[in-house]
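One chain, chain A, links the two complexes that follow: it is found with chain B in the first and with chain C in the second.
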Partner chain A sequence: MIKVIQPGLQTTVQDHGRIGYYEVGMPPSGAMDKYSYTAANILVGNDENAAALEITYMGPVLEFHQDAVIALTGGEIPPKVNGQPVPMWETLAVKAGDQLSFDFVKQGARVYLAVAGGIDVPLIMDSRSTYTLCGIGGLDGRPLQAGDELKIGYEVKHQVKIGTRIQDELIPTFSKTNEIRVVVGLCSYRLTEESKERFFSIDWTVTPEANRVGYRFKGERLNFVEREQPFGAGSNPSNVVDLGYPIGSIQVPDGVEPIALLNDAVTGGGYATICTIISTDLNKMAQIKTNEKVRFVAVSIEEALQARKEYKDKVAQMKQQLQLS
Partner chain B sequence: MTRYEYGGDEFIFVELSESMSLEANFQAMAITKQLREEKLPGILDICPSNASYMVRFKPEDIHPDKLISKLKELEQSVSVDDFNISSRVVDVPILFDDPWTNEALMRFRDRHQDPTSTDLEYAARINGFDSKEELIKAITDYPYLVSMIGFVPGLPWCYQMVPREQQIEVPKYVRPRTYTPERAFGFGGAFAVIYPVQGAGGYQLFGIAAAPIYQKEQRLYDFKDSITFPRQGDIFRYRSITMEEFQSIEKQVEDGTFRYLTRDITFKPQEVLENPKAFSDEVLGGLYA
Partner chain C sequence: MPSTKSQVLSPIPGVFYRKPAPDKEVFIKEGDAVKSGDVIGLVEVMKNFYEIKAETDGVLESFLVNEEDILDAGQEIAVISVQ
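This part shows the complex of A and B:
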């Protein structure tokens, strides 16, 4: 069992996500940076879909009440065991009574803590991921609180040697300025050509509204092509007849402050969507903080698929390195 | 002209029409039903929406361009004429002009088109009704097709089954509210909705539903198979109720005995499109028989 002494800013149980319920309006939730999450599970020998903790900006203080094998990956929020710094991206052993805590965030935004055996919470609609808006999944459908007790599961696929480390070239680095690749499409026909061009040529600043639901950006106003609004859409030029929103899609309500929809977002609504962040760059998006800069880069569907293939190859390489494939 | 668009590397978005119509909704329903029956490998989610639909897929199993070709074929081959919808007619009790949504909408007057009136008064005026009572009558006289589910789990977009000239249309709030009570009955564009859970929202607020449409504990009979109640293709009749009936339903919900009044129905889009008035009389007659 793991006891929560301090919960941190927002620490939730997440796995690969609740897939297959989008049509009833259920977003997938799940780990926002899937690459780091997957690496953490691999390092402790778990199934790749095992539930882990997603730690945001400010880490929790956790006390282990049993010996455990753990791994910490993701953004740089330096971890300590009993006050002593411990490495990230490495298989670690902790003893009953050990306390895990964190320093202030240096780079990135989210850390993943995997425990061999997985975090044991009930499966809700095939997933252990926390979806706080509806209060389902994870631990009672909410972020961790002081005093919570987390059970550790028993499902371990491989024994991984303590001290095993992900190769340096497979460890991502994080920056305060970022390029995020998108595929243009959806209702992009609603933006003027000039605004489309501006969208890709300025640095957007992440606002304080940046969480698991979505990220809002500050930059400049974008304009929509003038038209008589179609029946049923509503009167604002950014309105469309309510439609489905892909995960990672970007909309610009009223032309002010684009919003990228992420893991816990609404699944549909009445704003024109203009492009979609490619799946591999959602991992990068998850490690970006308020006030950091983002430049959007348009790529073709083939480039997006190529990036996806390179991502899969990297995960395969990671497993191969640990001889788990 | 139908638009086929990539939504990144995992989604295809298909816009059948820019404007809302029953025809476009029935077409989206028919295509997505056929797609579901074909059980193609690599399809993760099939989401019909109002005048469009969306498919989530695994590009390792099916290339997006191959999926688009398949969807274009379906657009050609699937006809709304020989399509049957099997769903439910549901009596949905609403307390209009209630104290809870009133409190919420008064808090956000600065985000509304008309800060000096209520959402009901404003909507009645811009739709040419003499009073809010007349607007409520127009909303409750004819049933709605549940044309899309989403936003949050179980939220039904409902489109009234009346000719275009009789449709009620209202703008969304100038800036969305940060708070909407659970079960609030709202209207935006040409759509009526019930908010399943408390949260943000931009629709005009007219009232509150007496019974839940989302229940994660699954205590009520209507939630035994799913935490969400509405399904696309359902026919909802919004019925105006008194505070007394509202409180009595709340009590039944609390003690677990509440069940929605429903009738199973199978119908063809043509029946609705050709004579919405006759169709509506028939389904309401059947529901309350």
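This part shows the complex of A and C:
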């Protein structure tokens, strides 16, 4: 069992996500940075869908009440065991009574803590991911609180040697200025040519409204092509007839402050979505903090698929490396 | 007696507030005495309000950020002089 002494700012149980219910309006939730989440599970020999903790901005203080094998990946929120710094991206052993805590965030925004066996919470619609807006999944459908007790599960697939490390070239680095690749559409035709051009040529600043639901950006006003709104669409020029929102889609309500919809977002609605973040760059998006900068770069579907292939190759490389060690 | 300076940092990024609510007085004024554990401001991010607390006893010498400034993680918020 792991006892929560301090919960951190927002620490939730997440797995690969609640996949397959999007059409009934259930967003997937799940780890926002899948790459780091996957690496953490690989490092402790877990099933790849095992539940881990997603830590945001500020780490919790956790006390282990049993011996455990753990791994910490993602952004750099330097971890300590009993006050001594321990490495990230490495298989670690902790003993009953050990306390895990964290320093201030240095880079990135989210850390994943995987425990060999996974975090044992009930499966809700095939997933252990916390969806706080509905209050389901994870531990009682909410972020961790002081005094919570987390059970460790049995989803270990193989033993990984303590001290096993992800190769340096497979460890992502994080920056305060980022390029995020998007595929233009579905409703980009609603923006004026000038606004479309501006969208891709300015640095957007992440506002304090940036969480698992979505990230809101500050930059400049964008304008929509004037038209008589069709039947079924709202009266604002940023409205269209309702559509399903792709995960990672970007909308600009009233032309002010674009919002990227992420893992816990509404699944559809009536705002024009002007582009969609490619799946691999959602991992990067998850590690961007409030007040950091984003430049959006348009890519083709082929380039997005190529990026996905490279991502899969990297994950395969990680697994291969661990089997060799 | 010489005094040493102690920095108060924000562990998280977000919007800084010196008041508990818009219609309330500030938590602490510059020049006031402060005790370890006293709340000196709030940082709002992801709809959470995180309390920034003094970690030493002393006098709150100055704030280095303004009401509603957007802070980076690790940014210096205030200086406390410790007697």
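Rule of thumb we're sticking to: the second predicted complex is superposed on the first by the 323 of 325 C-alpha atoms of A that agree within 3 Å, B and C clash if a C-alpha of one lies under 4 Å from a C-alpha of the other, contacts with A are read in each partner's own complex, and residues count from 1 in each chain.
Here is the rule we go by: a residue touches a chain if its C-beta (ideal position, glycine included) is under 8 Å from a C-beta of that chain, and two chains touch if they have at least 3 such contacts.
Bear in mind that the values here come from a model prediction, so they are computed numbers and not experimental data.
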Touched partner set for A:289, first chain B, second chain C, both or neither: second
Which of chain B and chain C A:58 touches, first, second, both or neither: second
Contacts of A:243 with chain B and chain C, given as first, second, both or neither: first
Which partner reaches more residues of chain A (counting touched residues only), chain B or chain C: B
Touched partner set for A:142, first chain B, second chain C, both or neither: neither
First, second, both or neither for A:34, with chain B first and chain C second: neither
Chain B versus chain C as contact partner of A:234, first or second or both or neither: first
Footprint of chain B on chain A - complex, ascending: 19-26, 125, 133-136, 141, 182-183, 185-187, 189, 230-236, 239-244, 246-249, 253-254, 266-270, 273, 276-279, 301, 304-305, 307-308, 312
Touching residues (chain side chain B, partner chain A) in the complex: 3, 5-11, 13, 15, 17-21, 44-54, 56, 59-60, 63-65, 148-155, 157, 159, 164, 167, 169, 171-172, 175-176, 188-191, 197, 199, 202, 214, 216, 226-228, 232
Chain C residues within the chain A interface of the complex: 9, 11-15, 44-48, 50, 70-74
Partner chain C, residues of chain A touching it in the complex: 9-10, 56-58, 104-106, 207-211, 289-292
